[in-house]
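Note that the chains are named A, B and C in the order they appear, and that numbering of residues resets to 1 at the start of each chain.
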Amino acid sequence: MKKNKMRFLALTMTVCMLAGLAAGCGSKNQEGEEGSAPAQTADGSAAAETAKPEGTADGAATTDDPEVTITVLTRYAGSDPQAPWLKKMMDEFVKLHPNVTFQDDSVADEAAYNNKLKTAIATGNLPNMWMQYGSASLVEYAKNGLLMDLSFMLEDEEFCSGLPDPTLSTFDLSGYGVDGIYAIPFAMQPEVIFYNKDLFQQAGIESVPETMDDMYAAIDKLKAAGITPMGMGAKDTWRLGHFFNCIAYREAGVDTFKNIGARTAKWTDPEVVECLKTLKGFKDKGAFEENFEGIDWSTESANFLSGKYAMICIPLWFIPNAEGSEIADSLDFFPIPYFSGQEAYKDHSAVYVDAHVYSGKLEGYEKEITMEWAKFTHNAFSEEVRLKDCGQTPGRTDVNTEGFELTPMLTKAIELNKDLKKLGGDTFEYDMLNSMQDVTRNALVGMMLGTSPEDTAAAIQSEIDNNQ
Amino acid sequence: MERYRRNKKVIFLFLLPALLIYVVLEVIPVAQSFYFSFFDWPGIQGVPLKYVGLDNFISVFQNSQFHQAVKNILLFVVVGLLTQLPIGFLFAILLYNVKRGQRFFKAVYFIPMILPVTATGLLWQFILKPNESGVLNQLLTKLGLEQLCTGWLINSSTAMMCIILVTTWASVAYYIVIGLAAVNAIPEDVMEAATIDGAGQGKKVFYIIIPMIWESVKISVVMIITGVLKVFDMVFVMTEGGPNGLTHVPATLLYYQAFKYDHYGIGSAISTIMFFMSLILTVISLKLMNQDKEDGVKRMKRRGKSQWKNS
Amino acid sequence: MEKQLNSRARMKKIICRVLLYGILILFAVICLYPVYFTLVSSLKNNTEIFTNPFSLPADPQFENYARAWKIGKIGIYFRNSIVLTVATLVVTAFVGSLAGYILAKFKFKGKGLIYLLFLAGMMIPIQTVIIPLAFTLGKFGIVDNYPVLILLYSAFCLSMTVFIVTGFMKGLPDELEEAAVMDGAGHAAVFFRIILPLSMPAVASASIFNFVSSWNNLLFPLVFLGNDNLKTISIGLLSFFGAYTSDYGAVMAAIGVSILPPIIMYILLQEKMEKGLTAGAVKG
């Protein structure tokens, strides 16, 4: 009896292994087909109608060009909305330059990305292109020659004029003593408040809040109607961090935080503590659901998209998510309300920008071709792909939107993008200390769980003071 | 026979592969990372190491998050020992008495161990979610125990405990395996002799099974201590060490310092400290258990003598 | 009088049995629940997973499996995980038991030190060594290389393996070897024909642990594998987690698919363990 069972199990195991091997081989063949299939857009239309990329100044490659591998390390992988963009750009680039092979090391998960990047930096095996977070690392790496100076791009007027940031000064590091341009901004995502029109109507809110006082009134009305005013999955600390960015820039201005980074201002300064108090005030007013500190972003998002929350604070990349949900018709967005007592900061917005950087150790042909790739991924065609294949608001002003039906939300988003005046990223982005991201965000969560705003400010400031 | 056991060529040949792999791929990197603990390095190749002596260690010992992490990990070790060991061996003994379906149960108990931490972390997050969206809270409400409902992973009194218990659930199978192997190794005749002498289940367990599997118990204790001290995955997936550092353990701190903040020196210092903690705790517990064994054997001998007297 | 006692004893026995099975089944349910949860979630879309986590899927999304297979490339990663893990098990078992034999039964200076050296490895968290390792391996340009990766996995499994196997082999009676040596057997013959077969329970136990840690190992493939076709399942699961949105349905499908072989492998190893055990007991 036992022997038969053994045989049966061994057989099953062998079958599984063979199946695995067969699947492995099979998938390998499938891969070739996958590479050339066009990416699917949110509404199912194939990308066949997108324009062909214009030939670059150097024209198509000749067969004399050396073989080269471009290594790319980004977070546009898996189910990230911009993963199809990256794949498409790589395919199109290879069509123009058949001598190029791409090695895509991209991984979406933050911890995994950090592991890979830090190991690469530590061993000197830099990818050709990657994404950087925060000024601190940018400055450190630029000083050590790890990043390519991209100032020469300013000479290409056609390329620069269509950029949302034509002088490439988003990542200007001169305040930290570093001259030159080391990062290209990509995918500008202003943060807004998405809201549920039906729920607003139910609560009797007639017009969209423009000032913070309107916002507080709306919150009161929603609470009275038994609706959770705002979702906030603070378990993922970036949620609270983002909301704080929006409030803080409208209340104290972007420069205040740039000054903290430059050490001419402190977290414990009264105007900064006021911002913390305002944030805490939202919890005290009952804007969030109970125990929101333990709810994660996925739950928050799912709840909003099933009509449980009236509002959430999220950047514009959320548009495809909103439009793809079952209550898409009830959703819309409005810009972050401003403080009627702080008119000066009315246009200071939280806008998140990816920083694309390139290895400073490249030489010769590899350098040339990588720089071409750099321009290729930020030109008009690239933004067109982002729009048509990923449903993302294009960042340039010269994008061909023909043949693509712009939804009302996207149209509104494009208009909003044109209107941006003063931009700020995360408040800790301007700080030279890498640990500020976690320290700030964790402290905000701690504040919600009971620490006073003054103590919170002191805790954040002490991290700075202890690491001078 | 002595020559057999002292044959230098064989000793060298048999040991070489294991030693080579181990030294080159584990010992040397670990030594390098010990070395790093005395330096400050931003993690960029080419940037020289700056000697800082004991500064990294001092800064770690003064860090309040490190204090919280040590508190948490010690709690983890204690609760881990009190739950994984007894439950694992209990089930081993239970399974020993079950002939039918034993294989089924063993396979099933193994599942939490083989499931990726991603899956179990997600599952337990759903169970432990705050408010009415969490299953545990729903269950408590149904049982009329609403006052116990809370945000399990954000409440400072329950957060760490929850993580520890989930880790136990996921690791108990290890100790069932070890326990079963040990219990099965007890020769049949000893068990038969005890039955003939009229020993009931309870007596069998305490006077025969436990002393004879003591070696396995010792092995399990060492494994629990060393395993728990470096736990990372489960904590990271469930809370990332939050909220606000509440559930940090040394390994998560290490990760943040080295891979997020680029403080390799500090990260290495933390791992050096972890290593010594592990070493010290292991030595202490081994000493305690050897003492216990000697006492236990003495006790058994005394009891045994009196039992024979009565028969 | 006797009849009463007998039926009371029988009642007691039945109650004990029921209790016994009751506990075992309760724990089995607790362990099986995640599988149920995984399979049920694998047929839902993201929103439903988070709004109705525990109910049956309203509208089974079999596309999750298709996505897991195609986009997640589960087939390839699966095959890779199996290859790496099995190879690691074989290398570690072989090399580890060779070393264990020496450490258990032979006499030489420094034996204690070498044993402690192996043990110390159990106390090292994996994160510590990633950077120094990347240095060592990077310098020799060895990345994307399965043989080296297998050796790497093995290096980290050796501590536990040597610990378990040495302990076990110490318990084997010396007479076994002595008898064989008297019959003229050399070291290799004694090891392969006597010691190793008898140590199967220990080797199998160690292999079970090594299997679990190798199968779930995330850090090594993450850092040392660049080529997509060489990656393992642990990495494959990551690809479903976006920066801000994640495809939980597909993750669950991927996990559902990848769970069967480990369980089968465990059952097989368990058999080995038992076989070895009973053989030893009878002989002993």
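By definition in this document, a residue touches a chain if its C-beta (ideal position, glycine included) is under 8 Å from a C-beta of that chain, and two chains touch if they have at least 3 such contacts.
What you are looking at is a predicted structure, and each value in this text was computed from that prediction instead of being measured.
K.L.:
Once you've mapped the touching chain pairs, tell me: line, ring, star, complete or other?
P.N.:
Drawn as a graph, the chains make a fully connected set, so complete.
K.L.:
Count the C-beta pairs in contact for A-C and for A-B, then report the pair with the higher count.
P.N.:
Comparing A-C with A-B, the pair joined by more C-beta contacts is A-C.
K.L.:
If you average the CA atoms of chain B and of chain C, how many Å lie between those two points?
P.N.:
Averaging C-alpha atoms per chain gives centres 16 Å apart.
K.L.:
Averaged over CA atoms, how far is the centre of chain A from the centre of chain C? Could you give it in whole Å?
P.N.:
So the centre of chain A lies 38 Å away from the centre of chain C.
K.L.:
How many angstrom lie between the CA centroids of chain A and chain B, rounded to a whole number?
P.N.:
39
K.L.:
Find every residue in chain B that makes contact with two or more other chains and list them.
P.N.:
Expected reply: 43, 255, 258-259, 264.
K.L.:
Identify all positions of chain C at which a residue touches two or more other chains, and write them in rising order.
P.N.:
131, 135, 218, 248, 267
K.L.:
What residues in chain A touch two or more of the other chains?
P.N.:
Residue numbers touching two or more other chains: 115, 118, 122-124, 299.
K.L.:
Touching residues of chain C toward chain A in the complex: what are they?
P.N.:
46-47, 49-51, 69-71, 73-76, 78-80, 82, 130-131, 134-135, 138, 218-219, 222-223, 226-229, 235, 238-248, 250, 260-261, 264-265, 267-268, 271
K.L.:
Which residues of chain B touch chain A in the complex?
P.N.:
These residues of chain B touch chain A: 42-47, 125, 129-131, 133, 150-154, 236, 239, 242-245, 255-256, 258-262, 264.
K.L.:
Help me check something: in the complex, which residues belonging to chain C touch chain B?
P.N.:
Against chain B, the touching part of chain C is residues 16, 20-21, 23-24, 27-28, 30-35, 37-38, 53-54, 95-96, 98-99, 101-103, 105-108, 114, 117-118, 120-129, 131-133, 135-136, 151-152, 154-156, 158-160, 162-164, 167, 171, 177-178, 181, 187, 191, 201, 205, 208-209, 212, 215-216, 218, 233-234, 237, 248, 251-252, 255, 259, 262-263, 266-267, 270, 273-274, 277-278, 280-281, 284.
K.L.:
Any idea which chain A residues touch chain C in the complex?
P.N.:
Residue positions touching the partner: 6, 9-10, 12-13, 16-17, 20-21, 23-24, 26-28, 30-31, 34, 71, 75, 77-81, 83, 103-105, 107-110, 112, 115-116, 118-119, 122-125, 297-299, 301-303, 305-306, 317, 321, 325-326.
K.L.:
Per the contact definition, I'd like the list of chain B residues that touch chain C in the complex.
P.N.:
Interface residues on chain B, with respect to chain C: 1-2, 4-8, 10-11, 14-15, 17-19, 21-22, 24-30, 32-33, 36, 43, 91, 94-95, 97-98, 103-120, 122-123, 126, 135, 169, 174, 177-178, 181, 184-185, 187-188, 201, 215, 219, 222-223, 226-227, 229-230, 232-233, 250-251, 254-255, 258-259, 264, 267-268, 271, 274-275, 278-279, 282.
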